[in-house]
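One chain, subunit A, links the two complexes that follow: it is found with subunit B in the first and with subunit C in the second.
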Partner chain A sequence: MKTLSPLAQKYIDRFDSALETLPGAGDRNISTLRKSGLEKFSKLDFPNKRIEEWRFTNLASLTKGPANEDQPSTPALKHDAFKADYEVVFENGVFSKEKSRLEKLPEGVRLTSLAEELGGGAVFSLDEDDNRALIALNTAYMQDGLCLHVSENVEVPGVLAIRFVTNSSEPQNIHIRNRITLDGGAKLTLLEEHEGNGHYFVNPVTMIHLSDGAELKHYKHQNESLAAYHIALTDCEVAANASYKNFTLTHGARLSRNEMKTSILGADALSKLDGAYLLDGNQHCDTTSLTEHKVSQNVSEQVYKGVLAGKSHGVFQGKIHIFPDAQQVSGDQLSKALLLSDEAQVDCKPELEIYADDVKCSHGATSGELDEDALFYLQARGIPTDQAKKMLVAAFLGDVLEEIENDSVRQYFEVLSASWLERV
Partner chain B sequence: MAVSQETIEQVNSVSEKYKYGFVSDIESETAPIGLSEDIVRFISAKKEEPEWLLEWRLKAYRYWLTMEEPDWAKVNYPKIDYQDIYYYSAPKVKDKPKSLDEVDPELLEVYSKLGIPLKEQEVLAGVEGAANVAVDAVFDSVSVATTFRERLEKEGVIFCPISEAVQTHPELVQKYLGSVVPYTDNFFGALNSAVFTDGSFVYIPKGVRCPMELSTYFRINAAQTGQFERTLIIADDESYVSYLEGCTAPMRDENQLHAAVVELVVLDNAEIKYSTVQNWYPGDENGVGGIYNFVTKRAACRGVNSKVSWTQVETGSAVTWKYPSCILQGDNSVGEFYSIAITNNLQQADTGTKMIHLGKNTSSTIISKGISAGKAQSTYRGLVRMGRKADGARNHTVCDSLLIGDKCGAHTVPYIENQNRSAKIEHEATTSKVSEEQLFYCQQRGLSEEESMALIVNGFCKEVLQKLPMEFAVEAQKLVGISLEGSVG
Partner chain C sequence: MLEIKDLHAEVGGKEILKGINLTINPGEIHAIMGPNGAGKSTLSYVLSGRDGYEVTGGSVTYKGQDLLDMDPDERACSGIFLAFQYPVEIPGVASATFLKTALNAQRKFRGEEELDAMEFLKLVREKSKELDIKDDMLKRAVNVGFSGGEKKRNEVLQMSLLEPDLMLLDETDSGLDIDALKVAADGVNRLRSPERSALVITHYQRLLDYIVPDFVHVLADGKIVKSGDKSLALELEEKGYTDISAA
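And now, the complex of A and B:
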């Protein structure tokens, strides 16, 4: 038998005692589910670089024991909070009723915590064919998260913010499970924020289901402690006429991975996954997405931009998979990276897997440094080099930030990007 | 645009099936079936090889035993039984022929049937004004004839079977063999290093521009035989050579293995242009038979301003696994990769390139065109890596896929790794189908549906076809048509 990584072994060893304290402890179904999750995880272990999907991201520093002692353990950015209409707060992975502001939520929105749901006998299942170790681990150890249900044709005005705040003096591992369901014609704008201080590993798994004609705008701001590990997985099912628009802004964490899987299940559906990552120091940020077009006549779009300073390492892996007979599908993808230092590195793997002929798919990927000519143009007009560079980077990012449809979120993300740039 | 003569010819030949599928009844001498150290020794002894080469083969064989067959490529085939293959098969000869006149007439007959001239006065059929082409003909495991050797020797160019080069130029072979593709490189490379039987050896001395195109023609004939050829080309400072490679095999119900290794070494200011028209038997429309083509091709651009250009037209083989690569070590070195991969029926092709930029101001261009028809699967898999020291390096990649029919698949898997900020990488890929409008436009002008399809596909491939030497371009254009036969309607 192969030996497991030390961290995986730890998870297995303390599982029995954890079972008694995790939510849903008394419920046989939940225990069985957790056990099957752990069993699967113990077969898989944490992914290593020999696994194709993980060839650019090495989790050894996480799985082989404590590391990053000398890393600053504060968030990448200090900033003013976003003024949301409704707010859900999780502290160290636990729902905080006191800090959340939910009074104004309209009727037709049911919002509970996962711990509550697990205690109340909610049904969860584990996909047998799913070989993602971190989903299996999350199933075994999920402790809390957001359960949100928006009823048919309910349009939630404004922005609902979900804040995950971690303040840990000691290293800890947090497994969050969110479940978001929008019934037919429902509309919601969500801002998911992660922030923290200290050494910790956070593993949020989000399952989203959008029924016919539903619209979800899902914005994510990842500003974890610079010593933290953030490995997030988001699965989204998009039915006919529905649309899922995600924008992820990343500048936190020592090592982060944002893995998204979108399955388009109906005609005239749209999946749009955009984002920007701003990295410095020895940060590592991995964006991995899989877009599955399972039926005909729908669209997916993706634009990602990265700015890399210091010794940072950026990874973009994007796959568009078109199933047999999924005709009249359009899938476009673009990834651009800007390297600001000699030691930064970017790895990119845009992938197309196509089994239908009447489709239009494209991907593009570029990487390089700032355009010398553009820089010279600005300098020739009396703009100091430093400022000229910032202008060019801001313009580079401006392109993708424009994809954000919600004005207040866009402005918020613009301010965040600008203040990151000021610091670098 | 008027329909060109080539298009008409090509459309005419659309009705021909795989025309190289005949079997020649030539008595051959084979090694016992299967693979063991004894077989490696047998091959080495047959070739009267020096001790160092046998040692190298054995090291490769022992290493191979520790390796596992790779499964990462997007191809499916039943497990190969490596003990059920003949590793050595050679046409029986009493004495080694001393000149072309002494070559077995039956063998010459085979090559003339394939349209390959083994007589020195001839030029390739149908092309006027073309320069002579020197040909090395490899039949199963051995080279049977090499033309124009005297003429080349006058210029100092060495062009001979590699088994002969081991005897006559051991210092060159020992210096460069395995220096680009070491036997530890990959599963099929290791296998080849252990059991390679023949192939071509080319050395272009300093400052020489090779006066004619060099070419090797590979033919598999014997049943149940694997072909493991090894090609080594060295272009010394300021030299130039254009090398062509062609291959065919008989139609058989069984799958045959072809695992070749090609190594190119390019020194200061030298250039190698390497063109391949790969037309191994692809199997029938039900996917029965065909060649498994698992090839390792790599060029080391060691010198400053060195250049390698790979051009390939891949139409044959049941399964193709091939990534001609360039290691751009010398400053200002250039790597190019132009590829057309056509798959029809149940063919599978996983092909692409690797461009490893190590030197300053190195540049590479990748143009890949994949065409899938029938139930075929075609994958472009490529790597572009910019090393830390590759200041000012450039890459431009375009890979386009064309799908004909709704049962086939086209996939693109590029890996792009950049460790140098002054390096610029551009990659674009598209996938589409031949539109009804395009077909209608052509048909409206009096072309049949098949003719229209061939015309459009040739247009799609034009960028790559243009890079082929003229003699091959005509052949390749025809091949494009033949390969797509039966895919319309």
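And now, the complex of A and C:
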């Protein structure tokens, strides 16, 4: 038998006792589900750099032993909170009824916590995990999360914020499992926020189903403690005429990965994944997407921009997979990185896998430094160097932030980016 | 105002300026003419402090201070303005934002109150009108998609707003049509005063009909090879540089 990483071994060793305390304890169906997750995970272990999809992201510092406490636990960026219409709060991975504000949610929206569902004996089917170790582990150890269902044709006005706040004095591991289902024609705007303090590992897995004509705007703001590990996996199924629009702003965590798998299952469906990552120090941020066009006549778009200072490392891996006979499909992908220091680094791997002939696909990846000519031009007009650099970085980020359709979220992300810039 | 003594400068390890001597007094307008590659733009960049232009000898004194010791933004705030031969496009930065930031940076440097959005808008509208620049140009990103002439006019607009003490105009006339040339020259002339000086780099005598210089210099191979009054420009137009430099 091969030797597992120390952290994986720890998960396996304490599984039996964990089973008794995790939500749904005593429910045989749920125990079976968790066990099958653990079994799978124990065969896979945490991904290492020999796995192609993990070539650029090394989890060794997480899996080799106790969370690396030598990292300073710089708290997340301070900022004014977003004023959402409804708010769901999870503290240290556990739903907080007191802190959540859900009174105003319209009829047709069912919102519960996963712990509640598991404890209430809900029947859970196993989500597709495609042999992804971090989903299998999540299935074994999922402790709480958001279960959200929006009924047919219900358009939820305003923005629903989901806040995951972690404050850990001791290292801890948090496995969150979210399920979001929009029935036909339902519409929702979601702001998912993560922030925290201290050393911890958070592993949110989110499964999204969008039925015919549903529209989900999914904004994510990742502002974890700079000592934290944030490894998120989001799977989304998009039916005909439905649209999934995601924008992820990342500036937190020691190491983070956003892995997104979108399956486009109908005609006239849209998957739009955009984001900006702002890194400094020795931060690492990996954005990995797999977009599957399974049928004809639909569109996927992706634009990611990264600003990298210090010794930070950015990764963008985007794969567009067009299935046989998925004709008249367009898939576009663009990744741009701005390196503010010689020691910052970015790795890009765009990939097209196309089995249909009538398709229009594009991908581009660029990385570069600040434009010296532009910088001099600004200085030559009297603008101090530091301010001139900030103007150019803001300009670089400007057009990707423009992709955010919700005005209040866009303004919020603009302010966040600006305050990040003030800090570097 | 400006005193250049035996200035030597290198670009990319190659000596371009080979001992320039030039004194500009307050209120004077000096024109510099000279063949392509002579080092005219290099001189303008050295004076405005561009990175990569290494001064290897000589000195430059501006208003009694060692100019070469100052950062580019400090030079600008102290009243030096370079109208670029090739204005730079800056995608994502709106012209209005750029102008306001620049103006307020300079006002702050001088210890003056910064202008608010309304005051700025009023001022920029007034100056744009004088220079026949459409308001919508202010909304567009700096120089992005501007025609050659629009870019040059935009340089003059910036100059009118910032009201520098020493104007360095690097071929501001090239790319301008005849009417625009006149408008731009008027812009420069409006700024003329007994305290303000200018160094006008041009290939064409025509500009000097509008902006009448006190002195004309010929810069060739990194040196000023001949100086005279405005009649020198006419002579150059007639005979070309070869004869002049040889003379």
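Throughout what follows, the second predicted complex is superposed on the first by the 416 of 424 C-alpha atoms of A that agree within 3 Å, B and C clash if a C-alpha of one lies under 4 Å from a C-alpha of the other, contacts with A are read in each partner's own complex, and residues count from 1 in each chain.
Everything below uses one rule, namely that contacts are C-beta pairs under 8 Å (C-beta built on N, C-alpha and C of every residue); 3 or more make two chains touch, one makes a residue touch a chain.
Everything numeric here is computed off the predicted structure, so don't read it as measured data.
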(message) Looking at A:354 after the superposition, I want to know if it touches subunit B, subunit C, both of them or none. Which is it: first, second, both, neither?
(response) first
(message) Under the stated touch criterion, name the partner, subunit B or subunit C, that contacts more residues in subunit A.
(response) B
(message) Contacts for A:207 in the overlay, against subunit B (first) and subunit C (second): which applies, first, second, both or neither?
(response) neither
(message) Let me test your reading of the model: by the given contact rule, A:324 touches which partner, first (subunit B), second (subunit C), both or neither?
(response) first
(request) Enumerate the residues of subunit A that count as touching subunit B in its complex and touching subunit C in the other. (result) none
(message) Taking the touch rule as given, give the residues of subunit A at its contact with subunit B in the complex, in rising order.
(response) 52, 324-325, 327, 337, 339-342, 344-369
(message) For a test of understanding, state which residues of subunit C touch subunit A in their complex under the given definition.
(response) 48-51, 71-73, 75-77, 81-82, 84, 87-93, 97-98, 101-102, 105-106, 109, 141-142, 158, 162
(request) Report the residues of subunit A in contact with subunit C in the complex, numbered from low to high. (result) 371-374, 376-385, 387-388, 391-392, 394-396, 398-399
(request) Show which residues of subunit B lie in contact with subunit A when the two form their complex. (result) 72, 388, 401, 403-433
